[in-house]
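Multiple structures follow.
Here subunit A shows up in two complexes: once beside subunit B, once beside subunit C.
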Partner chain A sequence: MSEAVSSPPARTRSDFGRSVRRLLREPLGLFGLSLVLLVILGAVFADLLTQWDPTRINPRDRFLGPSAAHLLGTDQLGRDLFSRVLHGGRIALYVALVSTAISLAIGIVLGLIAGYGPRWLDNLMILLFDAMKSFPTVMLALALVTITGPSLTSVILVVILVNVPGYARIVRTQTIAIKSSEFVTAAQSMGASTARILRVHIMPNVIGPLVILASMDIPVVIAIEAGMSFLGLGVRPPTPSWGSILNDGFGQIRETPWIAIAGGLPIIIITLGFTFLGETLRDVFDPRLKGRG
Partner chain B sequence: MLNYAVKRLGLSVAIVSLAMFLLFCMIYLVPGDPASVALGPRATEAMKEAMRVRMGLDQPVWVQFWNFFTGAWTGDLGEEVLSGRPVLDVVLEQLPYTLVLIAGGISWSVALGIPLGCWAAINRGSFADRLVGILSVAVIAVPSFVVAIYALLIFAVTLQWLPAIGAGEPGDVGDQLVHLILPSLAVGLGWVGYIARMVRASMLEVLEASHIRTARAFGLPERLITYRYALTIAILPTITLLGIGIGQMLSSAVFAEIVFARPGVGKLVYDAILTRNFPLVTGAVLVTTVIFVLLNLIADLIVGALDPRVRSSF
Partner chain C sequence: MTAAPILSVDDVQVAFPVGGLLARDAILGVAGVSFEVRPGETFALVGESGSGKTTLARAINGLQDISQGAITFEGVRIDGLGRARMKPLRRRMSMMFQDPVGSLSPRMTVGDLVTEPFRIHGHGGRNLRDEAVRLLNLVGLPADFAGRYPHQLSGGQARRVGVARAIALDPALIIADEPTAGLDVSVQGEVLNLLNELRERLGLAMVIITHNLHVVHHVADRMAVMYLGRFVEVGETGTVFAAPRHPYTAALLSANPEPDPDRARDRITLPAEVPSLMSRPSGCEFHTRCPWAQAKCAAMPPPAGDVSCHFPLSPGARPPPREDRP
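Coming up: the complex of A and B.
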């Protein structure tokens, strides 16, 4: 009896191993993975890869072109751009990880409440989600920063506001689909508490597709951070961020184009890497999601 | 259909009202006194007090909200802090520039996306198909402000083929179009990918349809079948996709306007934030939100009119 009412079997370990091997056979996925690893390793080992301090100002070395000493050149304050790009990667990855994790947690909780709670609450929350999504992202960021002021926290807040409605909606839809299935009815009739049903029976079935979708959103998150820092609404100077490097370069684009190139290149590398990886992951792990978006 | 349209319209009104409420909360939470900001550092206490009364800041919160709410629905978004002009006038003055920019973005995405998607669908499974697939994903991934800056760097600064800044001479349409090419490319490039994927998918579906098989059986030339009979149908989903797309292009337009120093709503909001001109910020955000909601409403109503299943599930 207990066999019959348990949740559908989750993916086993060997399934996972097979999926990873399939991923490594896909040239596009492999390419994406190497781009992502390149940036991650660069950010992690930034201090080993370059001797230059990313925030140290050297007035005598301003606007040096790329050379053996400064691989990507220096900016208007004489700071080494290669070092700034590597350390900027830390900021980008930090924002991506932290804000995605928080968005997922909030999205799951709100989605479960909307999907499993009373109908009026569901309707109200859907309305709220739709209202949140009705602000164009940049406008939302601009409006929010007028209150909070530019900071890393503001960036994370914007990402959460942008991501949560979508995640919550997906969780809600999945929850509604699952809550009427037989194994949930069986658990209810056996007296399982709501908390237990949500945690043991619904959550595991909701979380898989959600995590894949969230991983595909990572390039968008990184773009938001870079975009806001580019507008001066994100990370404050002198902390290196790809967006602020791009902004430094934009100001000098005629005289010293390498600054803008140095700021844009990592953004292109990481967004392409995560997107190629995400597309392949989605096809390998969950073919049902194919064609979404 | 009428039932659906009324419900859908009600949802839009509710969303806009909620957006207004959120915006009001934002203005209310902004640190600093709007009256002192408006008058500058040398204003006396009496002047500030008079300004507060004029701006309605001396009234209780709920009265302020009600005034803001009723005002906003009737098009009164308050006065701009610096010049005292009505916010709506200032925003509407800049809006055409942004709309033209978005129209340019759509032109790029349609002009490149539809042929690419079509080509990929006809050569399904070939190298060309795969290449279009990868290219589509790639242009979707790269953020529009990076595209804008690199386009500026390559075509305006290095090659000097196209102008770098401004919207062109007023009245000179040719000059304005030339100034539109690069910014609209930055706005529309990502959507080339979306549209190519969309057209490819629906084209593959349509090419299997029985009327296409019939056309083949009649021996019509393949070119005629593809472009005349298949594409005209396959293009329909793209229209609704664009309804959503315009809203997102608004975001890209903000960056394009700043990078290429073009007038427009995005530039307006950005400058307003730098000068702490908050009524202008909220007004412009509200106007763009209303446009966004309106476009989604129109797109949904079109889909609802074409597809009864959407109406019943609402």
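Coming up: the complex of A and C.
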């Protein structure tokens, strides 16, 4: 985690295009991309793909098996599971994108401060990062939810607390490696401000590999959301989430297994999709990161 | 030669702390040097690796704090000047670094790189794209290089970009750290000619740091030879090359490859290793390696002056060899 990755070679637009074409030629990457697109399209066009309201309770239609009307069947309250899965995808993707973006932003800022700032501040921040990383995720989630109550915001907060130390550490290590390079000294000798050096000379060399590593963390984020919702620490009912669908089906897994399957299947699909996509992205854009993350 | 100096360095020392909490000590990377550079003049600092050349350059540029002495640039004392007050002076003094490609930010285009000084110091309404083309033209690069990235440049091209960036704000002084390092000989010549030409056109003063004596001969008006962080000899380049007076200078010059194989050579070889800065020799610090050292050399520091030697060489005459070696 903490070994230095020296400044990656600069890329031009044609390099970028070549990398994208290589990504599309990799079968694993293409497969991952298709799975991710499947879930994204399902979430975006949920209202067009099904006419059922994901939260509408329909006691007469409880525990219906999969059929033409209800593609994945219905749950114990008679709600259409296909509709709930599609809308659950919105929650999952929303949490993944929002919390990853916020984690990246905070991680980059903290990492730059730790890496470029004075030594004592670096030591202090590293101590904090390591302390935060040492909390087991579930304990952290339980502790936080005791304070804030179960909600989507709590889920996002937990993900940020879990992700930030790792991102900040990567940025810090890279910053330390880059700050003594001659192009940074040259910027100092021209009179560039610290803000300019960090923004123009260091950040662009740090951000590429970090974004790739973050894309590989997205399945973990989705699993945290599903896990917290499964435990009742995440989104509140009746809002659909894959985790809560899984929990709904858990009690009746022998009698009506399709409920648990409807909750579990999308988690598997999206996890595999992002993992394959992330690994291929990493290999194509920054081969030196191979075997990390 | 009577003009007021643009840069004057007066008895400058740079100390690096070493050791832990208990055995705190310092070594002197630069151990008290003084020189002046006049407008339009090129001054060369010569010495082996580790002699303190680069440290001295960084000190002049304010990248390295000095522990003693004074540095005055255009009449302003610049040592210990805060970053904010140093900034306006940086328009007048620019520095070129050793690694031609490594001193260019890898994700910036050549156009952005050469105009970065304007972005830092303000461009007064100038069109930066036009400025980039003008600067590239000055250093002999075609305008379409503005869109390239450093890794697409050869060493010589990258060096030219570095030169363009250094002259962007029309400085009075350029400090060039090994401007020819890592370039092959023909490109070295091109870069030196470019520097000479720009100096004449723009009236630049230059401090050139190098271990390459051909470079010194080619561009420098005056030169100083550094050994263990001190100057052992300072003088006009022509005079020093014709008749070196310090034994170390003589040894360096005799080791310099000559293009004429038939020319009679009298090479002076220096025994032993460069002493560690942690344990400087007594007396004259060069006595451990000097082929002509006498008893006095180990006992007393040499006299101050342009040549710091007890027994300076005079042309044609060789002093007797030292007694402790056959």
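Just so we're on the same page, the second predicted complex is superposed on the first by the 282 of 293 C-alpha atoms of A that agree within 3 Å, B and C clash if a C-alpha of one lies under 4 Å from a C-alpha of the other, contacts with A are read in each partner's own complex, and residues count from 1 in each chain.
Going forward, a contact is a pair of C-beta atoms (placed from the backbone, for glycine too) under 8 Å apart; a residue touches a chain by one contact, two chains touch by 3 or more.
What you see is a predicted model, and the numbers here were worked out from it, not measured in a lab.
**Q** Have a look at subunit B and subunit C on subunit A after the superposition and call it: clash or fit.
**A** fit
**Q** Contact-wise, after the overlay, does A:Phe230 reach subunit B, subunit C, both or neither (first, second, both, neither)?
**A** The answer is first: A:Phe230 touches subunit B but not subunit C.
**Q** Answer with first, second, both or neither: which of subunit B and subunit C does A:Ile253 touch in the superposed model?
**A** first
**Q** Mind computing the angle subunit B to subunit A to subunit C from the CA centres, in steps of 10 degrees?
**A** 100
**Q** Go through the superposed model and pick first if A:Pro219 touches only subunit B, second if only subunit C, both, or neither.
**A** In the superposition, A:Pro219 contacts subunit B only.
**Q** Once the two complexes are aligned on chain A, which partner has more residues of subunit A within touching range, subunit B or subunit C?
**A** B
**Q** Name the contact category of A:Thr271: first (subunit B only), second (subunit C only), both, or neither.
**A** first
**Q** Once both structures are aligned on chain A, how many angstrom separate the closest C-alpha atoms of subunit B and subunit C?
**A** The answer is 15 Å, the least C-alpha separation in the overlay.
**Q** Show me the residue ranges of subunit A that touch subunit C in the complex, using the header's touch definition.
**A** On the subunit A side, the touching residues are 7-12, 181-183, 185-193, 196, 200-201, 204-205.
**Q** Within the complex, which stretch of subunit B touches subunit A?
**A** 11, 14-16, 18-19, 22-23, 26, 29-31, 134, 137-138, 140-143, 145-146, 149-150, 152-153, 157-158, 194, 201, 247-248, 250-251, 254-255, 258-259, 266, 269-270, 273, 276, 278, 281-282, 284-285, 288-289, 292-293, 296
**Q** In their complex, what parts of subunit A are in touch with subunit B?
**A** The touching residues are 28, 127-128, 130-131, 134-140, 142-147, 219, 223, 226-227, 230-231, 233, 246, 249-250, 253-254, 257, 260-261, 264, 267-268, 271-272, 274-276, 279, 291, 293.
**Q** Going by the contact rule set out above, which residues of subunit C touch subunit A in the complex?
**A** Spelled out, the residues of subunit C in touch with subunit A are 61-63, 83, 86-87, 90-91, 94-95, 97-99, 102-108, 116-117, 119-121, 149-152, 165.
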